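Chain lettering (A, B, C and D) follows the sequence in which the chains are written, and residue indices restart at 1 in each chain.
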Amino acid sequence: MLKDVQGQADFRRMPLKHVGIKNLRWPIVVKDKAKGEQHTVANFTLAVDLPQELRGTHMSRFVAVLRDLGTIHPSGLESILDTLKENLQAKKAMLEMDFPYFIEKTAPVSGEKALLDLNCHYRAEKTDKFSLYICVEVPIHTLCPCSKEISSNGAHNQRAIAKLEIKNAGMVWLEELAAMAEKGASAPIYSLLKRPDEKFVTEQAYATPRFVEDAVREIALAMAQDKRIGWYRVTVESMESIHNHDAFACIERD
Amino acid sequence: MLKDVQGQADFRRMPLKHVGIKNLRWPIVVKDKAKGEQHTVANFTLAVDLPQELRGTHMSRFVAVLRDLGTIHPSGLESILDTLKENLQAKKAMLEMDFPYFIEKTAPVSGEKALLDLNCHYRAEKTDKFSLYICVEVPIHTLCPCSKEISSNGAHNQRAIAKLEIKNAGMVWLEELAAMAEKGASAPIYSLLKRPDEKFVTEQAYATPRFVEDAVREIALAMAQDKRIGWYRVTVESMESIHNHDAFACIERD
Amino acid sequence: MLKDVQGQADFRRMPLKHVGIKNLRWPIVVKDKAKGEQHTVANFTLAVDLPQELRGTHMSRFVAVLRDLGTIHPSGLESILDTLKENLQAKKAMLEMDFPYFIEKTAPVSGEKALLDLNCHYRAEKTDKFSLYICVEVPIHTLCPCSKEISSNGAHNQRAIAKLEIKNAGMVWLEELAAMAEKGASAPIYSLLKRPDEKFVTEQAYATPRFVEDAVREIALAMAQDKRIGWYRVTVESMESIHNHDAFACIERD
Amino acid sequence: MLKDVQGQADFRRMPLKHVGIKNLRWPIVVKDKAKGEQHTVANFTLAVDLPQELRGTHMSRFVAVLRDLGTIHPSGLESILDTLKENLQAKKAMLEMDFPYFIEKTAPVSGEKALLDLNCHYRAEKTDKFSLYICVEVPIHTLCPCSKEISSNGAHNQRAIAKLEIKNAGMVWLEELAAMAEKGASAPIYSLLKRPDEKFVTEQAYATPRFVEDAVREIALAMAQDKRIGWYRVTVESMESIHNHDAFACIERD
């Protein structure tokens, strides 16, 4: 019988907030609004707390939990945390996952369909109460109102990232958050555009100039009006086409 | 005279928490404990708040502030924030900077000296009161106590990162935080080791086995005993040599 | 009818080696040796050549090709290139894809099974002849022979990456390349190890010390003996546990 | 006296192409066209070959070479390689370094000056003959000719990266390569622009529409006309503002 060194008593009187594993990639299946489910790959962090009396945790049990994952849905994360708490005899469990999520976008004129990738991040925690934080990064197009106003022709524009964060909201699909993000855009972004589509989005962006300050306000307005969403934070970062750095703006509901 | 679009009135009743620039790389000079100063390169975020009445900020003024930077010292960041507040007519200013900082390490037997790079992150904010958050990532060496205990020979060990975070502390040198990080290590890490040094650190690590749970507690004990440090958080992440993922542990002072 | 600007004549006498798209993420299904197929996510580059007479290519057609992908198998990449050549009226087509590929590893004592992620890279090209380059990065464990020899106890060890590259080989499964990589290791790497497994791999690594120089030679020997493999290059990079930089060695068959 | 394990004989008949260290960050001073010299931070790879008879190399000597670096100038890299060859008794030495290099840009109307960061990469090799490869990444602004032509107003534009690679050229300053890159741009990129500058570059970009195909050809023409440059390769990658992927084009002189 091999000695359980992790199970030794600890006398340093230092409880751990988190102990666990990070940067574990694992294929997952997530709920998809349109198609039922979608396959993707996530980078996982799994952790529990550790009381001051115990020296260590049992790391292999975190990986064992991943082996039993079924289709992942935000509301199902709570049971994963319950399993972690039980298997690791902990009072608190935490899970983070980062993954690309693909939504289908339809080009505005040609109707061509293609996938667009969003970066998603979930952080779920449970002591007694379950808490869920969701962040989705939606690529959008912004066109500078100042550049348009002062220039005789054209206006600088660029790809931007709208980062929408919510906490403990009712069930909100990633597709719905993406739609809110596009409310702040000069135009949405697509993976496949034919020439008539390109004309359309170019003119749409020119007709809808938005600073990062505007974009973030428009998105925040959409989020504020959604009854399911309590706390939110919105950040828009634009990869300025006239600079080698980014402009950004952020609104956070108190 | 070109129209000031940013200066327009805004009626959306949405004040911005932050508006500014990100990912601007800039060469800097920072205070160095041993040599007076050191040249390095930082990635900057600079931002201010924006009241709900104003449409936008003037982004070029953030860059202008960087042009006038002298040697950077934590205590001097307040005056940069004051300048930002004044130049952008803001109530709040924020600055983040990430940069590698080099400390000289002396090999334990041969006495050979070489530089070791630490990742540093500062976040300074000021509304009325100045607030400074510092994070330094120190590479350390950890050797697994369980692996040593149960194996007839050897023990798996690996490079780990100790991340030390403090907020509103008295003046603490990055070199001092690095020294605290090494208290949690099985052995420190060096850029240049001759054979007698390699023997020394191998034996030192074997004699000092540390889980991430141990490492983080030892570092937290050192930080807790330092009168200059109020709030702290310590995280140790080890790039497990037997896995393709990392183990981590975290202690945060309430 | 919108004007075809890309189709204009060009008089600069500068043929393009490549024109196309990069950094397009797309979910894929790849052939899996054990399970038939596996879902993952790839980052794609797709390109063709462009003769000097033509101003531009039609970027949307690259994305359209991705929409029709079925299950991906190395030998099936040729038909994707043929489609690209045809749809874009090109003489040459090129495709690169990076994706994590998961293999199941069985722990040496407990028999526990869990997935291990490998970084894979394919580059396929076709003018008249089809050419395929494959690179797979396999995480391994290396233990330093010098450290073991000179130290009274223990030896420093670490995670390393074995990068195996082959070109125009016969059909070789990624699982087979992973097995060759492990021939160079002090021990393989697993995602899930129970205590008896940890004892096993610790002792295995201590009994099999390997410099990066040794590891790369052992892997090259395995590759040289495989009749299906013509050209190869092997690189092993170890994240030295006693340093904050990596050691590496590389062998390339002429 | 500690045993020299690296110095043992090897019987596997496998000479190594490269053995050395990677990912070592080190502060450097490089020659600067305008100011004489500039401080920055590099990521180094240093390696030598290893004959089949020898088991290993002495890694600490690579780091020792970095300690003695003076101001770095492309033509001075040869002597570093000579030192590596001598100190490691090798026939071949190789050095790679990646670093940000800052050039001062002057805004076109206001005359305001600010730094712009370029990513630079050197690879120097020497067996008998010294060989030097230089790559510089210059951020530029591209505006789509198709979007301009077909749209009633505006045109999508974005930040792009022009990657200029040369090998064994005569002395060419990074500033000169940056100037060639801007020849392919719809407009140059600046860190600090006042309103009249923004008007200027917006109109300049609108008046100078460039596909990546155009940009790469214009830059290649500039490089082809430079007598100091033999081999070159130019790639332009644009972060398309209407997509979440990049468009790219590449020309390589045979």
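Everything below uses one rule, namely that a residue touches a chain if its C-beta (ideal position, glycine included) is under 8 Å from a C-beta of that chain, and two chains touch if they have at least 3 such contacts.
Values in this document were obtained by computation on a predicted structure and should not be read as measured data.
In a homomeric contact, the two copies may use the same or different surfaces; for subunit A and subunit D, over half of the interface residue numbers are shared, pointing to the same surface.
Chain centres were defined as the mean of their Cα atoms; on that basis the chain farthest from subunit B turns out to be C. Between the CA-based centres of subunit A and subunit B the separation comes to 25 Å, rounded to the whole angstrom. Centre to centre, using the average C-alpha position, subunit B and subunit C are separated by 34 Å.
With touch defined as above, residues shared between interfaces to two or more other chains in subunit A number as follows: 2, 24-25, 117, 146, 150, 191, 193, 195, 199, 244-245.
Subunit C contributes residues 116-117, 139, 141, 143-144, 146-148, 150-159, 187, 189-191, 193, 195, 198-199, 201-203, 205-207, 239-245 to its touches with subunit B in the complex. Contacts from subunit A toward subunit B in the complex involve residues 2-3, 5-6, 10, 12, 14-25, 45, 47, 50, 55-57, 59, 145-146, 149-150, 211-214, 216-218, 220-221, 233, 235, 237, 244-252.
Here subunit B touches subunit D in the complex through residues 2, 4, 24-27, 38-41, 60, 63-64, 66-67, 100, 102, 112-115, 117, 191-196, 199, going by the rule given at the top.
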